[in-house]
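Same chain, two partners: chain A is paired with chain B first, then with chain C.
Now for the complex of A and B:
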């Protein structure tokens, strides 16, 4: 329950919703502590709240364990990195980041798998224009919290060339009703405001939006 | 989902595809042992999303007991929502969202066979569904690179120069990669096996998503005592939203079969099973 409370604190503006979601969730509490990166996530330069979960709201920071460049490293405990939303915050544009696509996925979610088959190509297409993709894997095929083995198999199966992390305590659960997956958030890297929130693999909406947004930058 | 023209097209494509990478039961090799390349035909079509407010069903196991805690998914090809039956086997999933080609997938391919019952705006209360426990993993049959693999009444013949690929994401433990089958009570499963198809035998198979190249020859026990020489059509259900091997939520003919001369088996004569899913057969 303490882990749940930590997650809920990050979405304080939607506390009631968060608590109700936690009550409905079926994650087991047996999550290896080394995979829980949400504690101690702190970046002094990150935008101040209030934070929220809807379009126009500022995204609260969160930390995860995962692979920043999965195609460039072997996939084991020693190559896991702590990756935070704050890593992609680029207020001055000095990092070259324009938009962040934050995506949720689960092994049981075949729509997520379908979506990820096309993500590497989108990453190559839009990466040079300032898009960064951060995908979070939250559950395995039996709806247990995702593990390092799941993450490794996931990035190898889909040849993921974008940051892919574990979210075993489902920190992003506050953004979606129940455990609907996938969820896609398009976030402005200059402000960390949520520009677009889409439930499901809505490629025909998502990618034209990203394309148009990048064109405006 | 009533899509007669598409179904016809799919069936034709599937048979042609299966024909191209399979062979007759009595000869499962290809000349000169040339490696066979099998490409998934793909069946995705553009379809509008429909509103799904709440999905209801009552799930029980064949003994009549409630299928307590049975894992299910309400899945369109664009989004998935998981849920479980409660202790009384009642399923009540509030969604309030749009989905493309939604279906209720009941069972998980681990402890229970998985079947898909298509959903429409007018059909969100599915009534009673029979959940089918798979045999325990210890009773499953290990896959070899070629030859026969049998579970219960279902036998698959794998080509000597073929390949077997498992869904390692779902089945990460080798102990789970064993062939298992369970008979589906066709008459009691109209939501997943629509009567219009005329199916008479059906089986849930695992591990789901395992693919065979070339498509595996199928042999079923002739439990309905059809006469020798009876011609039969074999279908697989699309459980995967990528629709690579079958249209999602629907049934696709993948093979033709005939009752053996001794009347004991139903054996494929052309085409085959390209992917482990649920299968069903009907007389021609």
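Now for the complex of A and C:
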């Protein structure tokens, strides 16, 4: 049944509310078998669950297509690479990663844009101390899923020198609704636990927290 | 059809019985009872905001609500007691699995996407979390109070309203336009003393912040749990909606990590001392907001204590030629986390000067705020974004009441003012104009520490002219205005089309009028049409939007109206139509029906704003007063 047809049916249900209250039935939607298959983005070395979306929870792995070093490559289909949270997992410290800043952004989002004006400078300042930034672009100016063209324009506009990826599915929707963007997650690279979760461009809180956390490492 | 007939018969039968309740005797004294019941039956169909991959845009479709507000007031002369009981019953709501199936079916082919089963599982979980604190039935005591009034003493227990000065320190009030009603649940005591020369008034308040917990526009509710209701808050939160565990959100025992725990009531203590002599009034007022577990990490909500104090001086009458008001305030935010930097003490100066000279009246309002924040309530914007603007204070904006274009944290670090002039040209024609100029340092980028520099500055010019026309018998009137807003950033803003200093532009026209047509008929017209351009946060190109409402009143019972809205912003549907029918059963009782579409919008009243989602469906309102 199409969404429109279902809407019409449910709208009509108001008129027969009294009758529908008396009726019994099972409205559980049927899930096609192909959607019940297992699999997905998983690295064997990644921490096991349970995973969550709150501070203190372990971040579930996710995979994206994007540019790991956007300032070093041309921005087209051939230079896209798969980037996963697992790439930044560093349990022993052998990669030199201490913290990961996972950031969401959308082209329509004014706070995201003003935040990204300052991110390259922060990346240079804190990168040497073990911070890795991974920014996910999820929507365009019309709130449609972001495309490679949006991603290219974005990294060129803001001279992004940190990993920037496409998230057209909005895989990070479990952490925050799209309209509250940007979302900033500070994750411990040794454990993949979420240390801080911030909505909006909260530079006054975010960077002193990162600074203090890196100082403790 | 049968349902409509049954409803009409029920309403008419109730209407016939409507009459004021007779006073009852309580310990020999007459007590008047006043009972008002307001019911809303609404159904929200597909509101056309659906976006690929976005759960929230499907989770707000296909739900129905019966929302009832029962107000009982007992008036015993010097004392009053009241209760407002709210009841929300959701008779239809979306299903998380169905949302995920719909999103999977409509998923556009894009690069970088996850495999379909992974996508489906993510969306089921996301929808489950999204719906875990929406569309849940509740009945709770929204407000209750007891007040005692005498010339020397005023005592309020339960839910009380508080407004100190012009809202810089504390402002808890009801805003019907925004369906907002926030009180302090606790106690308020006011003592008055008067001599021949001066009068003194002292007020003290203490309690916990009590907003309305259910948002009928979204079906979301604010839930607390025992970890954020210690001490006397256990008492003030008795019977209020609680966070609930679901298949998707486990109860962690800690509101900070419990996914449906979206509210932790702040405790607020305040006082005001006011000294008056004739039309002069000197006052000092202060408030302290004490938080339990902060549910958000922004600089205001993460503060565990916010102290705000002000001194104000008012001359209500300048020898018959106007009045003046000045308030100076300080604010200190205390953060428990050592990593959060200590902000300098915030400051605010607000000035209002009103001059009357015959047919001319002038009003100047000025402000100078530095790191001065509204007292944002301890709401989790992640879990209940619809309540994210809830606050216990409302620093004056000095702008026109309807202005909704002071973006981001505009009012927290700003200097400027507005001058408005009204000139009565004759008994039937008056004209008005205003010009406001502001320099804000927290609009085009985050700047909580209020760094004042060219790199952070936006220059804003807001102007308008208008005319008010009245008929000779004053039964017809019309108000038409034209306005503009020019907002430039000193810093070059980075856009996809290159750098620019243009932050925001708007021209608009507003009108509101009533024409008496003779007999029982009157025509009403109301509209606002805007041409807008927003560099950051807009659709990337200028767009037009507007609303027009035309109504016909058939006094004293009937009214009918039709509305039309449009929006050329490509992110939203282009047109909206609706119709409204109203019937006044008596002076205090009425029934109205709304059918159609309503545009989603940010609505502001004097700087207090709220996002209303788009609506498509039908709503029946019935108000009965006994």
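Here is the rule we use: the second predicted complex is superposed on the first by the 175 of 217 C-alpha atoms of A that agree within 3 Å, B and C clash if a C-alpha of one lies under 4 Å from a C-alpha of the other, contacts with A are read in each partner's own complex, and residues count from 1 in each chain.
Rule of thumb we're sticking to: contacts are C-beta pairs under 8 Å (C-beta built on N, C-alpha and C of every residue); 3 or more make two chains touch, one makes a residue touch a chain.
Since this is a predicted model, take the numbers as computed values, not measurements.
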- Message: By the touch definition at the top of the document, which applies to A:80: first (chain B), second (chain C), both, or neither?
- Response: second
- First, second, both or neither for A:111, with chain B first and chain C second: both
- Task: Examine A:189 and indicate which partner it touches, taking first as chain B and second as chain C; both and neither are also allowed.
- Result: neither
- Task: Tell me which of chain B and chain C touches more residues of chain A.
- Result: C
- Scan A:157 for contacts with chain B and chain C and give back first, second, both or neither. both
- Check whether A:201 is in contact with chain B, with chain C, with both or with neither, and answer first, second, both or neither. both
- Task: Give one of first, second, both or neither to describe whether A:209 is in contact with chain B, with chain C, with both, or with none.
- Result: second
- Which partner does A:181 contact after superposing on A: first (chain B), second (chain C), both, neither? first
- Answer with first, second, both or neither: which of chain B and chain C does A:59 touch in the superposed model? neither
- Who does A:143 touch here: chain B (first), chain C (second), both, or neither? both
- Item | Shared chain A contacts, counted only where both chain B and chain C touch the same residue | 107-111, 113-114, 117, 141-143, 153, 157, 177-180, 199-202
- Once bound in the complex, which stretches of chain B touch chain A? 71, 73, 75-84, 96-97, 99, 108, 110, 168-172, 240-242
- Of all residues in chain C, those that touch chain A in their complex: 3, 41, 43, 45-46, 50-56, 61-62, 64, 91-92, 95, 97-98, 101-102, 104, 107-108, 110-123, 125-126, 129-130, 252, 256-257, 259, 296-299, 302, 337-341, 343, 381-382, 385, 388, 407-408, 444-446, 448-449, 493-496, 534, 536-540, 570-571, 617-618
- Note on the structure: Given the complex, residues on chain A that touch chain C span 3-4, 6-7, 10-11, 13-18, 21, 27-29, 31, 34-41, 53-57, 62-66, 77, 80, 107-111, 113-115, 117, 138-139, 141-145, 147-148, 153, 157-158, 165-171, 173-180, 196-205, 208-209, 211-213
- Message: Touching residues of chain A toward chain B in the complex: what are they?
- Response: 26, 106-114, 117, 140-143, 149-150, 153-154, 157, 177-182, 199-202
